[in-house]
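Chains here go by letter, A, B and C, matching the order in which they are written, and residues are numbered from 1 within each.
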């Protein structure tokens, strides 16, 4: 294994987000747009949400990263995402795609395919079925329709890497982050209640954007963002449960932890494994 | 009175929501879209928000219930609601309509009329003036324009039942749930601060959708959803006030209570009266 | 200095908001739409969010104030704002404009210019660079292109006053509120964490709308709204920090303080200076 990534490395990336406060342009869904903005602000980044066709290229032109999320897509917003993704690719800033609900409807699959046809996102982050569906759409275009049936999100992730040359994050109880250099990070932090708060997965994607804005290695940036959210989430859950409270309180606490997380807590809790694939 | 509904019955419906986690497709307003999703998640359901014309029928096709809310309507979203309502009717899944702001503008009244012309919602839930305005629009179509002037939300509810054959919920200090079998439930739980948090009424409607997804009797499902929200709301208000806090904290606590509400608390607090109308 | 404004005056305006619960029609951005509604409710006002072209004039016709915010503008919403602004001007209700992100893209600048061409808002509230950009656009139209380059938000505010005859609020560590009668209020309340919660600035604008609805002097109403938010924000920050919590908790606490703020706390904390410009 010819690569390393330490807790100290990740901490230095979070410190960079906090110190440099990168501008992250999000074209995201209507459910999470407020929570994502607050997550980015809590972590130290500067969010800007903008979707007008007249300005998405200009906004991508002043941002340090672009985040796309198809959760509540419609044709106008899909076109916004295409325009912004093309602008980000021309300018060379990192782009992160969250294929929310991939596989749920043919329209989502077609949209994902049309986005991938514009430019390869630097990072794609989704849960297992979303990554499998996204890869299925991609593979189908190349005349192969079996990857989704393979039933294995990691195989799907590898298929997406073959297409995009980018970093793929499959999130779940364990998060897997893979890239074209065959690097594979596994993160085991987090808490089941994170799935009981709307927008935590989408916020992970937004954080990946913020980390990519300050860390030029997308695989490292993605791993760092997922690690920080996972640790912040499990600390938030534990504190919430210790007070006898529930998921409403946990969402608030999660923002607090993203802001106030300290190095000793982070490094002592991080559960990171590295491998080659 | 040839029917019953006990606290234990309602508790079993909440248990079914928590265990079966029904998929509830919401086409709702931009103000409450996040809070509604979190309310559904806290109660144990699975929300999906989708409005693209290209996919609303598909989404209604995989959901166990459809929730429509006209709070921030515009022509695109109204068409989304019509497409989804038609799909839900064909498929036979329950549909719940929240006529937010009915009566405030002619456009809202015309929209409600056009929605009712597509299909009769399984349940309509609104406050007194919203139910009266919705009934007024309905009655007008039938050549009678006096029901709204009758000034009585319960008369309006009965007029709506005559048109839709569905369940009507008039919410307020006392919630009234009536159906075509002349069943009438009255709930007296809740707290005045629930009106000081945006989206609590809309969240009631979303919860009605979740309960209709697991309980085939819409009148019982609606009564159960309103009962659970009312008890959770009054517990949240009491805990919040005991800590000297306000409506911001109460909104968070309400999510906690929806998740953590236990049977003993619910059954001891429930204020339910049954009658025939 | 031929004018006065006391803490007691401001308190009486907040009392009027709480007692009269004015209806405030907001056409605002998708990020803050929920938080703004909750801020207005916590302060005692009644928010209504509506943007359909078919009803914005009707809604502005029943509201006591109109609030426009271009944060997530697109052509449909810009037209909504124009229709509502024209209706508010005809009817004579106060209108408040928040030029979010002015200067970030040419589209935002062009939109602001087109809004100002419809009618002069009663109040414009933005941070320094937003006010400078808005004034620059205005001045350019009149053949002068140097005000933005002057690098001075107060000069820009004065230029905007010359154009609109309205009240201009430049918010920041110190808030400046100026009007055509050469009145100048400076407020030094608040807390840096207020910039770490999305939508606090936009909520300030929404509150200005609520205060303008009950206080016919827009300069006084604007100063009152900014003063109340500043004091509520600093109390919320102090309580949050005393508990070792962060910006997530502070957002919740801010709503609580807006609801529960008492006269003694407000008057003892208010940092208001008056001058002529």
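Keep in mind that, in the parts below, a residue touches a chain if its C-beta (ideal position, glycine included) is under 8 Å from a C-beta of that chain, and two chains touch if they have at least 3 such contacts.
Everything quoted here is computed from the prediction, not taken from an experiment.
S.K.: Taking only the C-alpha atoms, how many degrees of rotation bring chain A onto chain B, rounded to the nearest 5?
M.R.: About 120 degrees, rounded to the nearest 5.
S.K.: Call it same or different for chain A and chain C: same when shared residue numbers make up over half of all numbers used at their interface.
M.R.: Both copies touch with mostly different residues.
S.K.: Give, as an integer number of Å, the spacing between the C-alpha centres of chain C and chain A.
M.R.: Between these chains, centre-to-centre, one finds 34 Å.
S.K.: Please set out, as single numbers or ranges, the residues of chain B touching at least two other chains.
M.R.: Residues 30, 33-34, 251-252.
S.K.: Along chain C, where are the residues that touch chain B in the complex?
M.R.: Within the complex, chain C contacts chain B at residues 30, 33-34, 37-38, 41-42, 47-55, 58-59, 62, 76, 251-260.
S.K.: Please name which positions on chain C make contact with chain A in the complex.
M.R.: Chain C residues touching chain A: 29-35, 71-75, 101, 104-108, 196-199, 244-249, 251-252.
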